[in-house]
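Chain IDs A, B, C and D follow the sequence of writing; residue 1 opens each chain.
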Amino acid sequence: MAGRHFLQIPGPTPVPDRLQRAMHRQMEDHRSSAFPAFARRILSRLPQVVHQTKGEAFVFPAPGSAMWEAALVNTVNPGARLLAPRFGQFSHLFIQTARNLGYRVDVLEEPWGEAADPARIEAALAADTAHEIQGVLLVHNETATGVTCDVAAVRAAMDRAKHPALLLVDGVSSIASLDFRFDDWRVDCAITGSQKGFMLPAGLGILYMSETALARVEGCTMPRAYFDLKAMRANNAQGYFPSTPALSLLYGLDEALTMLLDEGMDNVAARHKRLATGVRAAVKAWGLRECAKRPEIASNSLTAIVVPEGVDARTVIDIAFNRYDIALGSGLSEVAGKVFRIGHLGDMNALTLAGALAGVEMALVDAGIQITLGSGVGAALQQWRMPS
Amino acid sequence: MAGRHFLQIPGPTPVPDRLQRAMHRQMEDHRSSAFPAFARRILSRLPQVVHQTKGEAFVFPAPGSAMWEAALVNTVNPGARLLAPRFGQFSHLFIQTARNLGYRVDVLEEPWGEAADPARIEAALAADTAHEIQGVLLVHNETATGVTCDVAAVRAAMDRAKHPALLLVDGVSSIASLDFRFDDWRVDCAITGSQKGFMLPAGLGILYMSETALARVEGCTMPRAYFDLKAMRANNAQGYFPSTPALSLLYGLDEALTMLLDEGMDNVAARHKRLATGVRAAVKAWGLRECAKRPEIASNSLTAIVVPEGVDARTVIDIAFNRYDIALGSGLSEVAGKVFRIGHLGDMNALTLAGALAGVEMALVDAGIQITLGSGVGAALQQWRMPS
Amino acid sequence: MAGRHFLQIPGPTPVPDRLQRAMHRQMEDHRSSAFPAFARRILSRLPQVVHQTKGEAFVFPAPGSAMWEAALVNTVNPGARLLAPRFGQFSHLFIQTARNLGYRVDVLEEPWGEAADPARIEAALAADTAHEIQGVLLVHNETATGVTCDVAAVRAAMDRAKHPALLLVDGVSSIASLDFRFDDWRVDCAITGSQKGFMLPAGLGILYMSETALARVEGCTMPRAYFDLKAMRANNAQGYFPSTPALSLLYGLDEALTMLLDEGMDNVAARHKRLATGVRAAVKAWGLRECAKRPEIASNSLTAIVVPEGVDARTVIDIAFNRYDIALGSGLSEVAGKVFRIGHLGDMNALTLAGALAGVEMALVDAGIQITLGSGVGAALQQWRMPS
Amino acid sequence: MAGRHFLQIPGPTPVPDRLQRAMHRQMEDHRSSAFPAFARRILSRLPQVVHQTKGEAFVFPAPGSAMWEAALVNTVNPGARLLAPRFGQFSHLFIQTARNLGYRVDVLEEPWGEAADPARIEAALAADTAHEIQGVLLVHNETATGVTCDVAAVRAAMDRAKHPALLLVDGVSSIASLDFRFDDWRVDCAITGSQKGFMLPAGLGILYMSETALARVEGCTMPRAYFDLKAMRANNAQGYFPSTPALSLLYGLDEALTMLLDEGMDNVAARHKRLATGVRAAVKAWGLRECAKRPEIASNSLTAIVVPEGVDARTVIDIAFNRYDIALGSGLSEVAGKVFRIGHLGDMNALTLAGALAGVEMALVDAGIQITLGSGVGAALQQWRMPS
């Protein structure tokens, strides 16, 4: 098809030309005397993305989701007990990963479309008087339902319960897009991947560790090899990596950090909020409803939209893909067929998103859903206008 | 600014990633034994773009407008008389080029927004009983006003006048976008550049010559050097070029030809028509009028839109550029400040154009023009929907 | 510095322009209906690189060395006993990885510069009458010393011992460069990374599994998450991946497979042999000796060269890097300071290698080692000439 | 073929990755308010490359050789008389271009392999007591024979003859590689292209004009259109170009200027001298002779080498190209078959050139010329070593 494809899934996100250029480089010797300056430029700037001033950040050649394992195996001993709310596919997979590694996970089930409930977390921790629970697994932004949790509130709940469990946060679809306050929220481990807010291809897993979490690494008895932070820390301290780093992606990450920090993380978050506001106005104008059950938990990085009864959301997605050259996210697991998702994170602006909404409108009408063409776009433009 | 810039001027047009990749190559020896196969693949396929089966096509490292000179100096002797309708900035510049080269040009003035008038051309040629007029200079698609002329009708007028003048056609903003019938219309010289329908950066001028035009080259007494076709033809016949060719652009042209011919020139023209229909529906929905004075001459490669009295079109363009990251074409010369232009040629699709229309809507409203946000996009989507 | 950097370490290897172009692509939806055709084109061709006709090949976003873990945790139960010769840094790290994961490894120490000894392996296996040993860990090509083992001979030794242990082979610096006969040698797990013979940036780990090895996956009790092949196999069967794949690298891998298979794996191996022969002739002409203790075990993908007593090999490497813009591999661990290494694998040809040898010659002389400038290059050219 | 092609013709020269990246950009509106800052960054830095502080520099989408025409038609009236030494193919073509444009050229024939003779130029000008001669056409570096003329000496000769003719210098294979002193030598027009010292693909012609030359533009009566500097100057003054500029090449030129000026033009010239010294040492070691008849006129940007009687230089070139993947320049016109040429200008370093010399050595031996393999490389390395 002629013209530009619209990649509007919630990751991978469109890679800006500038980052493509940065990655289009010849390789170099990752053991050379010139290499550490480059490695340090990345490692020293990663924390700024999440307002982290203490602890360390790590980069692995791996998908973001592998960082679930990296966070766990370095801080939680074999067979330990963990606590986790489940309210979507990614919170489910985080739990599944922990169980596959042999941990016991107490699950707090929430309806899909809801967020983690701090009160229930508080109660569960308070009930654990023996402090068996080693960690709370929290997905900050549930990519399956377009729901953002209140991490500060979860931390406050943990404080109220006076519980020493670590706070392990999945920030895959929030970090580098939404406001993320690593220090303020006293997060212990935060994880993400390169293909969302960092605007890169997938292939890099990023792990943020607090000083508390780092203190566990040395003594942690979990058998581990690739994800072991001991060798990583020793190498990073010299400006190197323990195995051959994924250089092309690191070249991109170096430039992505420059782009993000030049824009300013507050501006990045504000831009995502502004774009999301337009999308939500469009959904309302169409007369549809969001998967997120309450406006205050609706995500600024993606919107999951419920199709009317009798329509299969996959039909909308297929029409959009095949006729209008736009990729939308499908509903996963529990909401398969009921939901489609529009990603609006990463290197995104109003006009691209207007084009995407236009594509959604045509696909909705083609799929037999009664909406007025232009209504959603018009409602979004009301939000996106910038009168002087 | 984050996100993708919308380049909606009528050239240069967005370069597809595929062509960018094709141009990102190391250089090679343009005198090697391997080179002719490459050169011939380009030269042999260029004619298919304009449905040319006789004559030859040439490529120069030069802008498209330099081909005005290339066409003239190879076919028209010094000081000769020419005939040219003027109905916009590019027909004006074609005339100016001819005059700068010492030719005498009889100008048929038409209002800007109108097309060339075959009847007036016929009359002028009929009056030239001595057959002094050596060529008719015709801009197929006037990029300044968004007007397309009827080349077939002009050729028919020339036939009725039984006049032997050559027909020299500027196809800069039509060739490779709009239907162009070199053989059927018996065009003698047609010119274009790489940065419009060919979807490449500017830097290549393309010249199509009929057998009649080619027959003039050898005997033409116009002093000339760079644009002389004698050396070009001799070199091309061996698969080479007389001077170092602009290789990166040729790599792009080779791939652009594959893209265009794979899509099929009829499909390319149909796509441009479909996209233009949507843009015109948007203009109507906004309550604005086109610069083109009649629907049947409205161009399918760009639309020039007249702003209401009291508004400077440059304000709309500035707002669009600075607030919404979209480049629109400005009004030139006579229509400066009165008109802005939306290019919809080249590697373009409905969603990109929907985004562009959204940007125009916000800029119009910001500039104080009363339109309903979403109205133009909605009207366009009505045209662009593809119900199964 | 002006001009092209010479990257002559044994990986990452120079990425050919063609692969850089292939990776310079916009992302796409890895869950789309169009994706499986792409994924299958890769997965179905990977086996041809190692002449594998049974079993399966897998790709992970990970470094090659992480595949040590992937191979082990899917096939060997916790705490099991393994057997491994150690004769260089990478055989050491393979062992270390196994131990970190809780396995017990019987190590057969060999001098660095020697290869694995099939007779000792046979003896060790024969002594294990209880068949406690679950696997033999073998580095095919020891990148630290430039030594290639005879995998067929090791397999024959295992056969003679009638031992059922799996044969797990590290082919990081051999696969896609040297002849690798997965089926013929009855290898069970073979691993490699993208940054050597595949000519790509690091970031993809590749794992080949025999039917025997695959049969172990389901029942293997090793706790594992990211590297678990159960989810990978289920997804691959549908043309997908369980987590977001490293798309840019996969685009490169797809094209690298085309390059390799078009050249033909036998031709690839022959080219590496021919280039290595020239390098070895140069070493001889310089009057230096190789780290590999016997000619028949000298590697065709890299050459490790011992510097004379009294000279620190790191000086040679530093001079080469800083004055002549060439990166050489340093000696690791036991041979640090005694050895420098020239990589000649991947997208390599005689003239590039001649330039590299020229750089080595200048660095050697600058470091005070008495050699005749041009002597090594001349000796290599004798090998590389192709008289018709 | 695997591995990197060696492009060792005297232009196009290898494009560094950094410039390829710079050119791999999306297009932009060349009439936007943001454009002039970019255009001015180029136009204001071009003069520094030739140490020009007065007059102006211009860039055309055109090959370098088209600048012959651009220089002439803006400064010399129709039919005027010119003086030009001819000592190679490019001085011949410069003369031919002038004649094609209707000028009368007095030719001073010199043997190929010799440089322009200042004494003969002085004599010819002194004899022109009527000052009919309007310009002296001088090729600074004759790319066909590898000979560099002494421009300062030619200027001194003109001064001694007290002749007002303009000095028009072809610097195609010298500017941005060899020392070029526009002001000091009082050059009036200097021309070059993008594909030599500027390290870019061909497609940009560059023209430097002195104040004296610029003063002629307005009144020059030569009919001209595309190459007319009046419109160019008017547009440049505003930061624009009269026709659509070749943006991708300009993006490259902007970056090339940064590379060159960061290295420093004196360092660039010194590097080219150093590399050339090595090549000449190799030629001597092979026992061959250069086309340049005297060492003091041997070019630092390329070396033309005479093959022994009985051998066709084209055989050497063919073998080099087909067996060793290196492109060498062939002998042109008078020296066809007698000479092959090695380009060593642009983004070049010692190791690349060592590889190239190695390729030449194998091709020479294969062609039956008796040289010792390694002898030329060794001799060059003697020159290129950088003992601390």
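Basically, a residue touches a chain if its C-beta (ideal position, glycine included) is under 8 Å from a C-beta of that chain, and two chains touch if they have at least 3 such contacts.
Everything numeric in this text was worked out from a predicted model, so none of it was measured.
Q: Quick check for the class: compute each chain's Cα centroid; which one is farthest from the centroid of subunit D?
A: Of all chains, A has its centre farthest from that of subunit D.
Q: With touch defined as above, tell me whether subunit B and subunit C contact each other through largely the same residue numbers, more than half shared, or through different ones.
A: Same: when the shared numbers are divided by all numbers used, the fraction is over half.
Q: Mind checking the centre-to-centre distance between subunit B and subunit D? Centres are C-alpha means, answer in whole Å.
A: Roughly 34 Å, centre to centre.
Q: How many Å are there between the centre of subunit A and the centre of subunit D, using C-alpha atoms for each centre?
A: Each chain's C-alpha centroid was found; their separation is 54 Å.
Q: Any idea how many Å lie between the Cα centroids of subunit C and subunit D?
A: Centre-to-centre distance between subunit C and subunit D: 46 Å.
Q: In subunit B, which residues are in touch with two or more of the other chains?
A: 14, 20, 24, 26 - these are the residues of subunit B that touch more than one other chain.
Q: Using the touch definition from the top, list the residues of subunit C that touch subunit D in their complex.
A: Result: residues 1-4, 6, 14, 16, 24, 263, 268, 271, 323-326, 347-356, 358-359, 361-362, 365-366, 372-379, 381-382, 384-388 of subunit C touch subunit D.
Q: Under the definition above, what is the set of subunit D residues touching subunit A in their complex?
A: Touching subunit A from subunit D are residues 17, 20-21, 24-26.
Q: What does subunit B use to touch subunit D in their complex?
A: Listed in rising order, the residues of subunit B that touch subunit D are 5, 7, 9, 11-15, 20, 23-24, 26-34, 61-66, 68-69, 78, 97, 100-102, 193, 195, 201-203, 223-228, 243-249, 318, 321, 327, 329-330.
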